[in-house]
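Both complexes shown next keep subunit A, but they swap its partner, so subunit B is in the first and subunit C is in the second.
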Partner chain A sequence: MSESTVAPRRGMPVWIQVLVWVGLLALLGLVAFGLRRAQQGTVQPGDTIPDFTLTLFDGYQYAGKSEVKFSELRGKVVVINFWASWCKPCEQEAAELETAWRDYQDDERVVFLGIDYTDTPTPALGYLTKFEITYPNSPDLGSRVSQLFRIKGVPETYFVDPDGKLSYVQVGPFASAAEIHSIIDPLLKP
Partner chain B sequence: MFADFGFGVLVITFLLSLYGISAALIGHFKKKQAWVESARLSMLLTFPLLTLGALTLIYLLVTNDFTVKFVYDVISFDMPLYLKITALWGGQSGSLLFWSWLMAAFATAVTLRKWDRDREFLPWVVIVSCVTIAFFLGLNIFFENPFAHFWVSVSGEIFPATFQPANARLVTLDEIGNGTGLNPLLRHPGMIIHPPMLYLGFVAFVIPFAFALAALVTGRTDDRWIRLTRRWTLIAWLFLSLGLVLGGRWAYDVLGWGGYWGWDPVEIAAFMPWLTGTAFLHSVMIQEKRGMLKHWNMILIILTYALVIFGTFLTRSGVLSSVHAFAQSAIGPSFFIFIGVTFVISVALLIYRWAELKSEGQMQSMFSREALFLLNNLLFMGILVVCFWGVISPLISELLTNQKVTVGPPYYERAAGPLFGALLLLMGIAPLSAWGHTTLKNLAAQSNLQLEKRYALAIARLLWKPAVPALLVLIGLFASGIRDIYALIGLTLAALTTSITAYEFWRAARARSRAQQENFFVALWRLAGRNRRRYGGYTIHLGVVLMALGIIGIEMFQTQTQKSMAVGENIQISGYTLRYDSLAQFPSEDGRQVTRAVLSVFDKNGALLGELHPRYDVYPSGEPMTIPGVRSTLADDLYVVLVNWEGVSEQTTPFKIYHNPLVNWLWLGAFVFIFGTLIAAWPDEERETIPAQARSTQAAFQPGD
Partner chain C sequence: MKKLFSILLFVTLFAAAWTSKAAAQDPQPPSDDDVNRVARQLFCPVCENTPLDVCPTEACRQWRALIREKLAAGWSDEQIKQYFVEQYGARVLSEPPRQGWYWAFYLIPVVLLLLGVYILYRAFTSMRQPLSESAQVEAAPESPAAVETQGQQDYLRRVEEELKKRN
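Let's look at the complex of A and B:
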């Protein structure tokens, strides 16, 4: 091959290099943003709870609807209880929770929500029937809500104040309905 | 305890792969072969070790050890043994372990090859493979431990953890009861082998990538790395293709919406590396033949690896929502860092070696083989851009407008449809084109225009004969009343590509049978044996055409109808009459509650063709599954689904009926496709590479080469 046909060895033009790096960083930035969105939700007392929607179990309704949108509960004290039919400690507190709910069910300022964590419908409905639970209950489809709260296990109960901020987390079962009262009542004081 | 043993094995393998990385680095920089050998041996051990780890988890699954969270999550007592074993990949943490295990199998296999001629690649192949294994094992060890137990704290809370937390005790089997069991939708043969196939495809692409990076680092940028990895790439590609097809078959059989592909983000995430992988398989041939497109091949293999990791990340980090998504987990950030680091290193290396990857040849004509291959690559990239944009647009819209806007199947079909059509056409024409000249004499003798004319004529001369049957097909289709322009184009293109491919086989076999005085079929057999890659490739093309036929059939000619019927009523669809005969509800042996309808199918003339049994099963866990009744022939499928099962009675049973013409060709084509890939990938003795110099002086103009 003659000398003249050998092209000079050239690297990648600088402007293309810049473009490549900018493109790569933009992509990584975008993914980082998406990831941050997906990861949000480590809730601490004082944090505002992000919105979520629950599709209630058959036979349960809230305000005449089978769906509950959390943001529509603003202005109320919301008690969110994570449970599962396979969870023995949950059974210990089931009756206490229901008793506490019955004390408040005529008070418009308090809502109880039960969220069933990694469970199957038949035993879950059996559990609800067995403990005659009347407050709105829903399965946690795709573990979305439990991820939102970053629950570590069941039972766990979250108390949200009327401003939508988390005020208290109970890990493990309640011993009595009075214990539940003692957490809700201070939140109702104006 | 078995679970702790399994976890220990994971930790040891993790440390071993870290050691392999360090030893390879030391060996490379200190030029000490003993260290490199030690690194090789440590990589060799990853597979046996992870086999032990995977077997431990399988043992826990088979023995129903529900104190282990993963076991609890994916199986239940009533599941059959084979499903308990395959539940290994039925959940996030187990499937990550399974991923590492398969990766280790490939890594170990690659250590066993003869390295004499490629010593300089070895440390870097070890590093890339071991980094990948270590990363996935790290995810298992630090975030998603499949061996984590359930514990009970003093306050009575049940929670999962790897090690015994203070003041907590191990949960007892009584406390935990029966496991949740595998989602019934996943209890399908297609679903049992679909994930392993995909994973195999994914992990196998790590090997060519490892060699490519080794070539970049060592500066040995000739086509050796491509020759070494050609078969790995084909195998990877075969598994990936199989995974995609099996996923489609599963959707068709189980999901009950009469389709096979829904443009779901996760489907696309698996499809994207397939696109770049396919482009890569084609463009490496140009580097081998003409020494061109070296940059491009590097970019393609880096992209393929990146898309494999990126796809796995998207589906497992909760960034995108999808029917396939695993429950969100904490692995997102580490995955993200891994992706960032590998992207940056690959791109930096590529830029560093850019000058050395200069093309040895030049593109001479738009109609030369290499130009058409390049066009094929551009079309694949076009489809990739369409897919990529569709996948990330929800993220972009969320960033800009705070609302997730997802694009649906119509977007993909409109944007990618024409590109697929063009690919189909190119698939037919490209095999007729000639490789470009390389000798200077030829170049000087002809002007550009003359050259273009010569290449175009070479194609045209060969094209007219096979074009005749395609034209006849077009006339036939038109005469039979088909007026849909896209369908006409698609089917004609399919016919053209088929006849060209058949013509190519026939032409070459006839030439050989004349020259060698052989029987035509003997000649065909020997020909294919001598140039397996080309004729395997043509066979794959035929498979793709058949698949295209099925896709055109179901996409463009699908008809559907819905009706609530009482027993004894009829419904017509596409010339068939279906009579609703009876309805039965009964429990099956394994505890499922089955609702089954019987319908008789009659053709136009009222002749009975058979019975269909669409059913609706409710599993003991309460999860439902719709199983369509399908009558399948080469011409069409009749696909009946029992909808809205809750209100089912003999008076009103709602049915949804689909008529899917030609869809079976999709699955048949897949078999031809696999067969072709096996022909192309069948091992033969490694031949010495012909130096680029010698190649460039060979007679270059061989139409149909």
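Let's look at the complex of A and C:
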């Protein structure tokens, strides 16, 4: 019996196989990262808040400057409120926030910051005037800060302790200024 | 007659100059189509996956009003889009900008398509290979199997011839 000679079948070159597997793994990694980020929610109490800089609206200042660098507020309780002029629940709490701010205005240990989320300038300034908001406020340029906090909507308010760690997150409007006091006061105790 | 002609000429020229000046002072306000042309290239981050031109929320209505305001001020479509990117980030664009890492969105699908075509090509050529080889075995008379069969047939024919002679 003689053997019939069949040429060995040529497979896919190794570099193509490696490329395909690397590409598939990278794609899976990206999907996993996106899903994890989507399910992660906002920053959580105990998390250290990364540094960011706000350029305040015209007419607003903090410590004589039109810019606020978050890292320079270390040692203070920082209340960061995300709002928008098109947001009706934000209107419900606007007066309460301003009242609370006026209560703490002379206490150098407390800072309030308002961050205007995906808003347009004219209605935003109209909102600030309408509710007579005096604490420093700025637009969220490039949506950078809202992405940093991974906010899910407005209003959301973040309370940062003097060590720069997130202490409490309020999702939705405050019912009263007393509610805001009840969150800030324990953070001021030595 | 000459005097009358001069007066008519002066009045005509004055009227033409006045009308063009008035027209320049009162440009056409941007139409809804103009606003929507820009708006459909943008997405509001609040209402995900809804183009700005059809988004019904208050936030999007404000954005469209801002586009109208900018168009009325003489801004081009590109200037308005750039303004929105600076204010709200590149994610508001319906098409990622052709710069930096955003090129990956354009290049990766093309690379994957070319790779897919190449893999298909290789798969088809490797499927055709064994068929052509087996056909070659049958067609070649010099192959050992063919020679062996031919020898057996000759042998059998000679055996049959011998048997016929004896009978």
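In the analysis below, the second predicted complex is superposed on the first by the 148 of 190 C-alpha atoms of A that agree within 3 Å, B and C clash if a C-alpha of one lies under 4 Å from a C-alpha of the other, contacts with A are read in each partner's own complex, and residues count from 1 in each chain.
Methods note: a contact is a pair of C-beta atoms (placed from the backbone, for glycine too) under 8 Å apart; a residue touches a chain by one contact, two chains touch by 3 or more.
Keep in mind it's a predicted model, so treat the numbers as computed, not measured.
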First, second, both or neither for A:Glu156, with subunit B first and subunit C second: first
Touched partner set for A:Leu24, first subunit B, second subunit C, both or neither: first
Superposed model, subunit A: greater residue contact from subunit B or subunit C: B
First (subunit B), second (subunit C), both or neither touched by A:Thr118: both
Partner chain in contact with A:Pro139 - subunit B first, subunit C second, else both or neither: second
Touched partner set for A:Met12, first subunit B, second subunit C, both or neither: both
Touched partner set for A:Pro173, first subunit B, second subunit C, both or neither: first
Touching partner for A:Ala32 - first (subunit B), second (subunit C), both, neither: first
First, second, both or neither for A:Trp86, with subunit B first and subunit C second: both
Doubly contacted subunit A residues - partners subunit C and subunit B: 7, 9-12, 20, 86, 118-122, 142-144, 147, 153
Footprint of subunit A on subunit B - complex, ascending: 73, 152-153, 155-160, 175-178, 180-181, 313, 317-320, 325, 327-328, 332-333, 336, 339-340, 343-344, 347, 351, 354-356, 358, 392, 395-396, 398-399, 440, 620-623
List of subunit A residues in touch with subunit C within their complex: 2, 4, 6-7, 9-12, 16, 19-20, 23, 84-86, 118-123, 139, 141-144, 147, 153
Touching residues (chain side subunit A, partner subunit B) in the complex: 5, 7, 9-12, 17, 20-21, 24, 28, 30-35, 37-39, 86-89, 92, 118-122, 142-144, 147, 152-156, 171-173
Complex contact set, residues of subunit C against subunit A: 44-46, 57-59, 61-63, 65-66, 69, 85-89, 91, 112, 115, 118-119, 122, 126, 129-130, 133-134, 137, 143-145, 148
